[in-house]
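Would you mind keeping the following structure in view while I ask a few things?
Letters are used for the chains, namely A, B, C and D, taken in the order the chains are written, and counting of residues starts over at 1 for each.
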Amino acid sequence: MNVRGQLNQEQIAWRAAQDIEDGQYVNLGIGFPEKVAAYTVKGREPIFHTENGVLGFGRAPAKGEEDWDLINAGKKAITLKPGAAFFDHATSFAMIRGGHLDVAILGALQVASNGDLANWRVGSKGVPAVGGAMDLVNGAKRVAVLTDHVARDGAPKLVERCTFPLTGVGCVTRIYTSLAVIDVDIPAARFVLREKLPHLSMDDLQFVTGAKLHVEGEVGNLEVPELS
Amino acid sequence: MNKHYASAAEAVADICDGATVMIGGFGGSGAPIELIHALIDAGPKHLTVVNNNAGNGHVGLAAMIEQGMVDKLICSFPKSKDPTAFSERYLAGRIELELAPQGTLAERIRAGGAGIPAFYTPTAYGTELGEGKPVAEFDGRPYLQERWLKADYALIKAELGDPYGNLTYRLAARNFSPLMAMAAGQTIAQVGRLVDAGGIEPEAVVTPGIFVNRLVEIADPAQEEVLNQAEARYP
Amino acid sequence: MNVRGQLNQEQIAWRAAQDIEDGQYVNLGIGFPEKVAAYTVKGREPIFHTENGVLGFGRAPAKGEEDWDLINAGKKAITLKPGAAFFDHATSFAMIRGGHLDVAILGALQVASNGDLANWRVGSKGVPAVGGAMDLVNGAKRVAVLTDHVARDGAPKLVERCTFPLTGVGCVTRIYTSLAVIDVDIPAARFVLREKLPHLSMDDLQFVTGAKLHVEGEVGNLEVPELS
Amino acid sequence: MNKHYASAAEAVADICDGATVMIGGFGGSGAPIELIHALIDAGPKHLTVVNNNAGNGHVGLAAMIEQGMVDKLICSFPKSKDPTAFSERYLAGRIELELAPQGTLAERIRAGGAGIPAFYTPTAYGTELGEGKPVAEFDGRPYLQERWLKADYALIKAELGDPYGNLTYRLAARNFSPLMAMAAGQTIAQVGRLVDAGGIEPEAVVTPGIFVNRLVEIADPAQEEVLNQAEARYP
């Protein structure tokens, strides 16, 4: 797919960051979702949690300054902010499973209109690895997904029913894509379009979406600064 | 982010009738006397209280019970040197008691905080405290199924607190407080000293701030045992 | 009952202390069992655990030196030994329930020959209170009981089946009484006499015991120093 | 009481064929490299290993796997920058994998240490990792039943240790180690510095000594990540 003005990963991350409120406890998935931290809205201070037992970490250290006892769930070196805390893995997942995290933001292979998420393996081949994703989607108060709107092969990633192995059932409530912001109405099993790229027609957007996009009230313009 | 409240009164002001309130401490060790007394001043009724004990003398939890604020108590050991506040009401049928073995009580609270709706324990199997609970056998041994315990509020006492809500505890005053902090919708901590962010070493944090919503600084907090030796009463 | 040379509580505690090995982790019940600590065998260093989250405590402080944040499960002021540790209640009972304590020593209302223990309430009247006893009897590697051989009204406390409400089933393996040391063979549901007061006849001992005392090999002499 | 062993070799000497061994650490953070390498020198076979990962490069757990010591791995994330030690054996069907969600893995280990034979979690419900597990509904939501996890040995890395086995950890190197210390029959800790009794404040103890059986002092321990950047191999 080659849509004009389609958001890049930085821009999708920027848009997701706008919905994080001051003081919220946030877990960002490994890779793409980690970019969200860089776009924290000025004046807001979310506290970032990582599965391996850290609350309140900050940016990556300068090269050569890494302390390999101080890493995040992606095994990347991090730094601490004042007021940080360490804790063991059982406590870390008590935070997750016990509903103490306000927001978890993850990547996706597929998201279904019933809120099901598939993001941990494509099929039954290779070495499976799940990490903390299944805990996060069942525990955080709000589970959001960042993703390109369609897969590299053009297949829709927003679907009626996931065909890849599930990470969790009925868990995702908001999807930030390269084309749109979409809420998931889990009880009614439907996607509700909230924002789309201004110049993109509803028909074109629906065409690259694997399940019906419902509209409730006004659809906003997905407007994001230039970022790369 | 700053979870600091100016007074105990403000910190407990929204606790209303019918709430479930966990109160930290084991006997007087770790009992958040100033928060409890502020709650007595506020005066909500029909509370369910979770505490290891049932108060001692006429201050703290005992005084709450004497004020008729507590409909139900969930605890392991409702006896003390001067247990009349609870025992008179209990024997008169005016307060409900849910008795739980101490380790089961602690684990149920932790489970509430950790998102574990139920777990199995050997404790109380074959006793009257196990009656009516589901039994399952694992590896040839019978166990009881116990449910999580959650609360609307937790009132706890800590030693140091920082603006993020990170806490440390003094000596054995730790006991139930780290668990209750996890299991309540709103956790209110009175701290002996409020320090700046960074004033608690990240490795020394006992309760991470994510489990704490409100902080009140109470320097030189009262000790229930000392109050009782002085035959204090509240209000 | 008035048996000549019958052991007092200090002497029963002394005898129980002889079976505690160096380095063992021990929980002593509130009241009578607490006396065991005073008779620790010279050269051995057991580590005492208390339910409210302390390992490695020592004697009571001098009067006026109490710190009421530093108490034991009986709410009595204690002091610490070097190498002590504090922990929360969930961890404290993980130690108990998880089989990490070597020995728990408790008082008893009744002990049955099948190992059942009743020690938390006499009937259904009054205010019930259980504390940590039910966890201790189901968790410690070895559960022992200290008790007068018979109740104040002369009724046997060592019985075929407990009539008071149970604390735990099949849990007690050794009983230290004012007259004897008795093991409980839980699988066979029988008391096995190990030691008795030297001058006490088997018949007399059996007469005040509510279940048959079996003998396997030699019965030792229960010999204890003068203590009060 | 002194749990001190003179060398890593002595501390791991009795770990024999077929043992279940928990190994602390998350990736290289907290990985007890010196204990693992001593175990490689000892060379027991047919081990079941519990770790969050499956090793990285050719040192530590990856080297153990390359030596053919591990029959089965219980972990949440058997991938790393250089996962060939595990992945080649796994894809060739020469090592068994039990994959568990990370929080479930942690809680199963804690449950093993806490005497909780089974608990319920929402995690993995409705997924292939939940297949075959008992399901129960609590308050209208479905949960999976998960079983405790125990081990014969735990190998962990701590910062300070005292003769009683009390431990503290450095930064985020804590992760699974306090849980594994609880869940193993024999817990063996390598500590950066062995201090006298009283050298760790009682309030600062993270793992109380009751959970630790053996201590080895390893000053300046190796970091898996640093070894891998230097393309190290063991042996």
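The working rule: contacts are C-beta pairs under 8 Å (C-beta built on N, C-alpha and C of every residue); 3 or more make two chains touch, one makes a residue touch a chain.
A quick map from chain label to UniProt name: A, C = CoA transferase subunit B; B, D = 3-oxoacid CoA-transferase subunit A.
All figures in this text were calculated on a predicted structure; none of them were measured in a lab.
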Pair sharing more residue contacts (C-beta pairs) when A-B is set against B-C: B-C
Interchain centroid distance [CA atoms averaged], chain B/chain D, Å: 34
Where chain C and chain D are represented by their mean Cα positions, the distance between them in whole Å: 36
Averaged-CA centre spacing for the pair chain C and chain B, given as whole angstrom: 30
Numbers and ranges of chain C residues touching at least 2 other chains: 54, 86-87, 90, 93, 96-97, 139
Residues within chain D bordering two or more other chains: 107, 110, 114-116, 121-122, 169-171, 174, 202-203, 206
Contact pairs between chains, per stated definition: A-B, A-D, B-C, B-D, C-D
Chain D to chain B touching residues, read off their complex: 107, 111, 114-122, 136, 138-139, 141, 143, 147, 168-171, 174, 202-204, 206
Residue ranges of chain A touching chain B (in the complex, touch as defined): 22-23, 25, 45, 47, 49, 54-56, 80-87, 90-91, 93-101, 139
Contacting residues of chain D [partner chain A, same complex]: 26-30, 52, 76-81, 83, 86-87, 90-91, 97, 99-104, 106-107, 109-110, 121-129, 169-179, 206, 223-226
Contacting residues of chain B [partner chain A, same complex]: 1, 110, 112-116, 162-164, 166, 182, 196-198, 200, 202-203, 205, 208-211
List of chain A residues in touch with chain D within their complex: 51-54, 66-71, 73, 75, 86-90, 92-93, 96-97, 116, 126-135, 138-139, 165-169
